[in-house]
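Take a look at the structures listed below.
In the two complexes below, chain A is the common chain; its partner is chain B in one and chain C in the other.
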Partner chain A sequence: MDEVIEAVKPLVQRDNGKKTYPYYIENPVTENRVERFLEAFAAVLHFTDYKPLLDSYCTSNAKCNRCAVTCPVYLATGDPKDIPCYRTNLLLETYKRYFTFGGWANSRFSNGTDLTEEIIDEMLDLFYRCTACRRCTTECPMGVDHGLMTRLGRYILSLIGIVPKALQVATREQLEGETHNTSKIPKVALMDTLEFLSDEIEESFGVRMEAPVDKYDREYVFFCAVSDYLLEPDTLMGNAVVLYAAGDWDKWTIGTQDFDGINYGLFYSDWHLENIIKQLVHEVTRLRGKKILIGECGHASRSAHDFVPVFAGKESYPVFNFMEYTLDCIEKGKIKLNPNIITERVTYHDPCNISRSGWIVEQPRKIIRSFIKDFVEMEPHGVNNYCCGGGGGLVSVDEIYNFRMNIGGKQKADQIRETGAEIVISPCANCKKQLKELVEFYKLPCKVMGLHDLILKAIEIPGAKSAEERKEEAAMFEM
Partner chain B sequence: MEQWLDFAKGPLFAFTFLFMILGLFRHVVLQIYYLGIRKGRRLRNAPWRKIILDTLTWAVPVKHFIPGTAFFSSASFLSHIGLILVPVFLVDHVVLWEGFLGLNLPSIGKGVADVLTLFTIACLIVLFCCRVFVGRQRAMSGPMDYLILIMVFLPFASGFLASHPKFNPFAWDTMMLTHFLSAEALFVLIPFTKLSHIVLFFFDRVSGLHWQLRPGAGDKVADALFGKEARV
Partner chain C sequence: MAIFEWEEVKIDVDEDGFMEEPDQWNERVALALASTEGVAELSEEHWHLVNYLRDYYQKFGIAPMIRKLCKETGFPLKKVYELFPSGPAKGACKVAGLAKPTGCV
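Up next is the complex of A and B:
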């Protein structure tokens, strides 16, 4: 109970005049924050295209509160401050007051809408209570994109130095560090990991698959959430065996100068978003690749799919999520999955970035139905799914664990429990981490896996050990 | 009083109506300028199919009557039927449009108009009550949210009373003047308030377009604020 209270209370607190923030901030700015915020806001409005959007939202925002009943955070707390419209309004009121004639005229009669230190505290708190899942956007009659507004709010805050340290440190390493990835994995460690994965596959399948590294003129250049190399070997091995079984082993490569699909810029900064995309595109160009293949990661897929065409210009490459590739292989009969291997009840979690904000809803379901007999849907699912509670980069912010468990992920935990599933498929590195923590926190009787973790178990490769044999060996090993 | 009435339905009507049209036109022009010209070729990558489907779905938002807001949503959607049909197609209004704009519009019968008017009034009262009695809506409501509901209610109520003398406790010309003036006040309010969703509805729904960010803008913002120093 204490944890719930801890998670619900306002996150920015003053203790004897000393301010504590909800998340770690590197060198938090304490002076002239209002002026600096407005200066940053003005620069953003001057150089970007957000102005017409803000003009339009300011005028037509109906404040009807339909968004409230769609927001998993509000549903968990019931606090009006967690209503998406309330949060968006913090930014809109500031815009109206300082950047429109009407707001200026209004300010001659009242000081009520002036930006204050307290409002900035509220913003830095509320914009990082939102998981940017955009569920509210689908139910807003006026089409107000609260997810985009959260992102814009975070962007302006980041320009005055207010950003969770976890995100800042990761993007700094990705753009300026030696390793160019968020988990700081050096090339040597990558090669070791790939060697280890090849050994594992050989042990399991009896076939050696050496991962192609820095190969030129390949069709696909592969990027996954780099944390998968550390935490999700089964997902990566699943990806590899699909490529091998489909006969496309000589059509893909991993680049060593940039192998990280993660792009936290999608969550808080235009500048980071663009530069990380450019880095990714540069690697594909260096390798003379033709297509970008993104592993099981929601935001990596969305950021590459949506923003490579925007930022890369003529250098643009088509972007595919690995599940699209796998489905294509199944439909063309290039790979075969044994339908008798996965006997547990399975459910599927839609990562918001590729379902509601993306284009992948039916593809994974077709794959699942092709080899899993006991598949149950969560309610609601697809584009109406609930966020896992770790979206918008929150999952990387360890210090808000209580919030993510008790509030952000509460709806999702209830959903999973209701399905009675033993396996929750989550084809996203961030969702996977959050869901694994949720399962542990709520003691749910299930495990969280990637889709390709299951494909790894069920795939049949000619000339290799059969799926049945591998299952028996795995069972013996577990005993 | 007759002079006041003539003034209200003559020059004042023409002025306020034109004011509304120009105000809405300004919104449309600005949105098209920003979206069409400034974003330009980037719009090719936008999810157009989704945007168009969304706009059409929201025009008849039956599938959006979700639990928790079904009452409010129904009242909100249904009120729009009368809000659109009565001001445009009521017989008396059709005459007005013909006189001012030379438009020869079809009209709806008086009986239908009466039912629609009463229905709209009922919906507006429901919306008002929702704002007053539902905690989360009250938390988000400001004076303008209530004022707009009252301002929309007034021309409908006064118009109904003026055309039904047996229900009307006031003098006919007083009620007609109230009808004209309240409608004209509404015309003036429309471009400045959320009622401008009459046209902005079609532009807000295109938020997908606003994710087509401007290349290089992030660099310029950073340069302007920090110079060419490290900014990660």
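Up next is the complex of A and C:
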């Protein structure tokens, strides 16, 4: 109970006049934050297209609070400050007051409010209590995208140095570091890991598959959330065996100059979003690839899918999520999954970044139904799903663990419990990490896996050990 | 950046107590870091894990895939958690002097 109270407390606290931020910040700014915020806001308005959008939102943001009941954070806390409208309004009021004539006049002759240090404190807290899941956008009668407003608010804050260290350190390594990826995995370590995964597949399937690295002129260039190379062997091996079984082994490659699909720019900075996309696209161009294939990761898929066409110009490539590829293979009869291998009750968690727009909702369900008998849905699901509670980059911010468990992920934990599922499929690196922590925190009797982790178990590859044989061997090993 | 002191050991650490300069690591530092993880003494099994991580880190510049760690040390993940309650990344790697993992880890 203490933990709940701890998590509900306002995150920004003053201790003997010394401010403590809710998350680690590399160089916390303490002076002239209002002026600096307004300067940064002016610069963003000057160099981007946000102005017409903000003008429109200023007239349409009705503050009707219909979004309140859609927000998992508000549902957990009941605090009016967690209502999406309220948060968005902090930014809109500032915009109106300083960047529109009406707002300026109102502040002169009436009771308009000025931006203050306290409002900055509120923004830097509330914009990182939002998981940017955009569930509220589905209910907003005026079409306000509160998730986008969260990103814009975070963007402006980041320009004055207020950004969680976890996000900043990762994007810096990705764009300026030697390894060019968020987890600092050097090329030699990638090669060692791929070798290890090839050994694992050989041990299990009796077939050797050497991952193609830096091959030119391949149809697909593969990018996963780079953390998968540290944490998710089964997801990666599941991806590999699908490519192998479908006869596409000589049609894909991993690039060594950039093998990270993660793009935290989507969460806090348009500048980083653009440059990380460009880096990814350049790698595909270097390898003369034709398509971008993103592994099991929600935000990596969305950022590439939505923003490669925006930022890549003539270099643009079609972007596919791996589940689209796998479903295509199943529908064309290129791969075969044994329907008798997965006997547990299974549910599916929709990663917000790929499901909210309706892009990836039916594909994974078609895959699941093709080989899993006991599949139950969470309610609500699909376009209307609940966030895992670690969205918008929050999962990387370890120090807000209490918030993520007690507030952000509360609805999701309840949903999972109600399904009675033994396996929660979560095809996203962010969600996997958060859900694994939730399952442990709430002592839920289930395990969290990727969709391709299950495909790895059930796939039948001609000439390799059968799924039944592999299952028996794995059971022996576990004993 | 903060300075962590334990007996004669004095090292730079980040907010969560991970080493800022992994090259300054030695066995006394490991003991010092273990004390912050609620591990009072390092048994032979602890050292087996820590030394494996250390060797891998020196060779490849990062921690190994967790599955590989389990396989090569012969410790199932459960055992790793028994040895280091915060787990492989936040417990074992910390004691082995690696920097805090970044990204979605």
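In the analysis below, the second predicted complex is superposed on the first by the 473 of 479 C-alpha atoms of A that agree within 3 Å, B and C clash if a C-alpha of one lies under 4 Å from a C-alpha of the other, contacts with A are read in each partner's own complex, and residues count from 1 in each chain.
As a convention for this text, a contact is a pair of C-beta atoms (placed from the backbone, for glycine too) under 8 Å apart; a residue touches a chain by one contact, two chains touch by 3 or more.
Nothing here was measured: the structure is a model prediction, and the numbers come from that model.
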item	value
Chain A as common anchor, with chain B and chain C clashing or fitting	fit
More chain A residues in contact - chain B or chain C	B
Contacts of A:226 with chain B and chain C, given as first, second, both or neither	second
Degrees between the directions from chain A toward chain B and toward chain C, using C-alpha centres, nearest 10	150
Partner chain(s) touched by A:253 [first = chain B, second = chain C, both, neither]	neither
First (chain B), second (chain C), both or neither touched by A:24	second
Partner chain(s) touched by A:347 [first = chain B, second = chain C, both, neither]	neither
Chain B versus chain C as contact partner of A:141, first or second or both or neither	first
Partner chain(s) touched by A:355 [first = chain B, second = chain C, both, neither]	neither
Touched partner set for A:85, first chain B, second chain C, both or neither	first
Which superposed partner A:263 touches (first chain B, second chain C, both, neither)	neither
Superposed arrangement (fit on chain A Cα atoms) - minimum chain B/chain C Cα distance in Å	15
On chain A, the residue positions that both chain B and chain C contact, one per complex	none
Touch list for chain A against partner chain B, complex	39-40, 43-44, 46-53, 55-57, 59-66, 68-70, 74, 80, 83, 85-86, 89, 102, 137, 139, 141-145, 148, 159, 168, 171-172, 175-176, 269-275, 306-307, 309-311, 313
Partner chain A, residues of chain C touching it in the complex	15-16, 59-68, 89, 101-105
List of chain B residues in touch with chain A within their complex	27, 30-31, 33-35, 38-39, 42, 45, 54, 58, 61, 64, 66-69, 72-73, 76, 134-137, 139-142, 145, 192-194, 196-197, 200-201, 203-207, 210-222, 224-225, 230-232
Touching residues (chain side chain A, partner chain C) in the complex	24, 165-166, 169-170, 173, 181-186, 188-189, 192-193, 196-197, 200, 225-227, 229-231, 233, 260, 262, 395-396, 398-399, 429-430, 433
